[in-house]
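Each of the next two complexes has chain A plus one more chain, namely chain B in the first and chain C in the second.
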Partner chain A sequence: MTTENYDAKLGEIWELRLYTAGQTPKSLTALANLQRICDEHLRGKYRIEVIDLMANPRLAKDHQIVAIPTLVRKLPEPLRRVIGDLSDTERALVGLELRRAT
Partner chain B sequence: MKTEDLLRESENLLTAVANGEVDAFVIGRDDNRRVLLLANAYQRYRQLVERMQQGAVTLSGDSRVLYANQRFADMVGMPLSQLYTIALDSLVSVADRARIGTFLLISARDSRMELDLRRRDGTAIPVVLSHAAVSDGYTTLLVSDQRPLQWPALAGDALDSIRIALEHLNRSPGLDPQAREALESISEQINALARMSEEMVDVQRPPPHVSASGG
Partner chain C sequence: MQARELPKVQTGIDGLDQVTRGGLPKGRPTLICGAAGCGKTLMAMEFLVRGATQFGEPGVFITFEESPEELAANVRSLGFDIDRLVAEEKIAVDFVRIEASEIVENGAYDLEGLFLRLGFAIDSVGAKRVVLDTIESLFGGFTNEALLRSELRRLFRWLKDRGVTAVITGERGDGALTRQGLEEYVSDCVILLDHRVNEQVSTRRLRIVKYRGTSHGTNEYPFLIDEKGMSVLPLTALGLEHAASDERVSTGIPKLDAMLGGKGYYRGSSILVSGTAGTGKTSLAAQFTAAACARGERVLYLAFEESPGQLYRNMRSIGVDLESHAKKGTLRMHASRPTLLGLEAHLVLIHKMITEFDPTVVILDPISNLMSAGTSLDASAMLLRLIDVLKSRNITAFFNHLNSGGDAVETTDVGVSSLIDTWILMRHLEVNGQRNRGLYILKSRGMNHSNQTHEFLLTDRGIELRDAVGERKSTTR
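Now for the complex of A and B:
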């Protein structure tokens, strides 16, 4: 991503969807980590939607979810997926394109 | 999706799995998807179930025990290892067997049934069974022991022992006046606790004007 694109994306409202499996430890950890990352990097410019696939597994079809937890960046486009509990902040930031891979 | 993106996501998935960052997978296709939890995802619930004061038992379609917690094993007086695959029928009286069969057929969440569990030593304990969950042909029941609480009486016995020990100490010759004062203060508090314990035991007894038949 170019510097211009990167800055432009930070000006948009980010729509994030976290796919969880009820209240498993990894799902809860992912939600806590996501909240922290958003507070630090997207202050006030994000929306988080949590989809519990235990309650409705069919919703996994929407974003081709295979492992849980998975975070999907719906907006800004293009769609991005980050798999895992987001405890590796560096990997999560790179996956969300909030930081360029080094 | 571009090949580059596919490769990045595949690497992402492998890294997450290798790092132990996921605890569930989605299997199946289209509308037949299911979520499979890894064992560690269950751990917290398992600890909760193992430590709770109610019995919990999961039955197969033919009413055999597939899983039971330690509390349930204690209720029926059997080691857990001998409980698996045993028929629930064998743990209740002959008279209750038809009732429990009907109860399991109802499979309604929150439905309840009172019966006596037969312990291995031949004694029986009154319990209430309630449906906790029914899924994939398995039924999970919660089992509540209906015997009066024993702990107030046990606490009363323990407090009596402490009181006797304190009185003995208080009679010791040459006891420092400050120590004697402290002992008397402790004795007063023990007496107050003993009175509370007796009141709790009384609360559990039926009022004298209620007949045994409950009429």
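Now for the complex of A and C:
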């Protein structure tokens, strides 16, 4: 695995936010996939916050969410967004910049 | 076949509710499409603002392209204060910003976030009206087209279930009404806006492409966008059903009244005065205007050649004081260059002024100048429409027509003579080495009119008609 380019970032705590709308299969899949990816690549250095927009729809406007599920990497900066259930692990790693696109 | 018409909601947009026979389908989506810059966003916004301010129906504006600040600035020119309406919780605005470059797609997703935002906005103001401007932007942000299409279908169903009257805008595509084929999702009402430029003059037009389950006008209707919003000219097919008045109105010149069966023009008739330059057409119009104003009637004077100041001065020289009538408010003078607007825009503007001012007399001086704003066919079509509008309101219409030197005097290049009830010909008469002005009534429907050419003078007390030319004795015999 070629993660050496991200060593600096890997030193920090990763703050991840997953936006869902209720307990839908897509949201549950996304959360499971995210947890698995983080455990494999960011063990002990990440925080996942799940925001259920069904419970708080105002945040969809405030945070500019259109697609569900949406994963936002808040830290390290810059902000990154990945939409979908993260079923493609390789793409998720690239999207979060845990791996460089080849 | 169902005879019952769909329930409709009024848009409040000037003329549109007449064209649609009552407004947009209630609780259903309507598609407004057209090329960039045709006025889609403004029309959608006016629908919302009028709903919130005139009909007690709050609204939601979902903008995909402009930020709320840009949107508010753009419609401020129409007199709409969006910020205030938002503060009063009559309108909610949500800017859905979709930045394709910021989005990485990975696996299955849907657009539930958009639904939640829409639902939240609707609930926050109790909205009955919703605008989505323009939903096609989604296609630029997400790559999964099949998903987008099924989500759009779900969205339109959802809007119907919520019972909101929605307006969706879409940009015109090649050979299709909208680039993404939105018309296939909106089955109830589709309105097409068009903005054409002909010989440097632009005209906006509106057409109802489809309106299921209801009758509607099928023509192209010209419309204007000005500081009070949008106004559509509802060119109703009046046909020839207007009632004819027996009332007579004085021409302002006793001798001319005498020539017209002793009483002057019919109220609500159309009068054409044609002649070459300098024959006194404007003077005749001014005297009619002054006489009507003196009776307490309201006159709308549309001047296409002279400025009000110039007209006041020139008419003062023949003893006709128009200015005092203008100050009293019985005369409204509107001077504009014909080439400033397209013919249809002129028509919309005239229609608007007639509605606002409610005159009993309308003067167009001269109509020949309108030719320069369009083709001759357009000009006569426009005059026909205008005459229809005026007749239906029992307004006496007075048109001046300038014949250029080479024309046959008994023709008008706008070809309206057959629509005219009273046609007065002004001409120069060369008698005994003098060039004098002469007036002749070519026709005047429904009255016993003079068939003689009368010489007339422009004096400082107005137009003075003399005896018929044939009756005068020659002095040089």
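Keep this in mind: the second predicted complex is superposed on the first by the 96 of 102 C-alpha atoms of A that agree within 3 Å, B and C clash if a C-alpha of one lies under 4 Å from a C-alpha of the other, contacts with A are read in each partner's own complex, and residues count from 1 in each chain.
Just so we're on the same page, a residue touches a chain if its C-beta (ideal position, glycine included) is under 8 Å from a C-beta of that chain, and two chains touch if they have at least 3 such contacts.
Owing to the predicted nature of the structure, the values given are computational and were not obtained by experimental measurement.
Touch criterion not met for A:I13: it reaches neither chain B nor chain C.
In the superposed model, A:P57 lies in contact with both chain B and chain C.
Contact with both chain B and chain C is seen for A:G95 once the two complexes are overlaid on the shared chain.
Residue contacts after overlaying the shared chain place A:I65 against chain B and chain C alike. Touched by chain B in one complex and by chain C in the other are residues 21, 24, 26, 53-54, 57-58, 60-61, 65-69, 81-88, 91, 95 of chain A.
Chain A makes touch with chain C in their complex at residues 19, 21, 24, 26, 29-30, 33, 53-54, 57-58, 60-61, 64-70, 80-88, 91-92, 94-95.
Chain contact summary for the complex, chain A toward chain B: residues 21, 24-27, 53-54, 57-58, 60-61, 65-69, 78, 81-88, 91, 95.
The touching residues of chain C, when paired with chain A in their complex, are 94, 96-98, 102-114, 116-117, 119-121, 138, 141-142. Partner chain A is touched in their complex by these residues of chain B: 5, 9, 12-13, 15-17, 19, 21-26, 28, 30-31, 33-35, 37, 40-41, 43-44.
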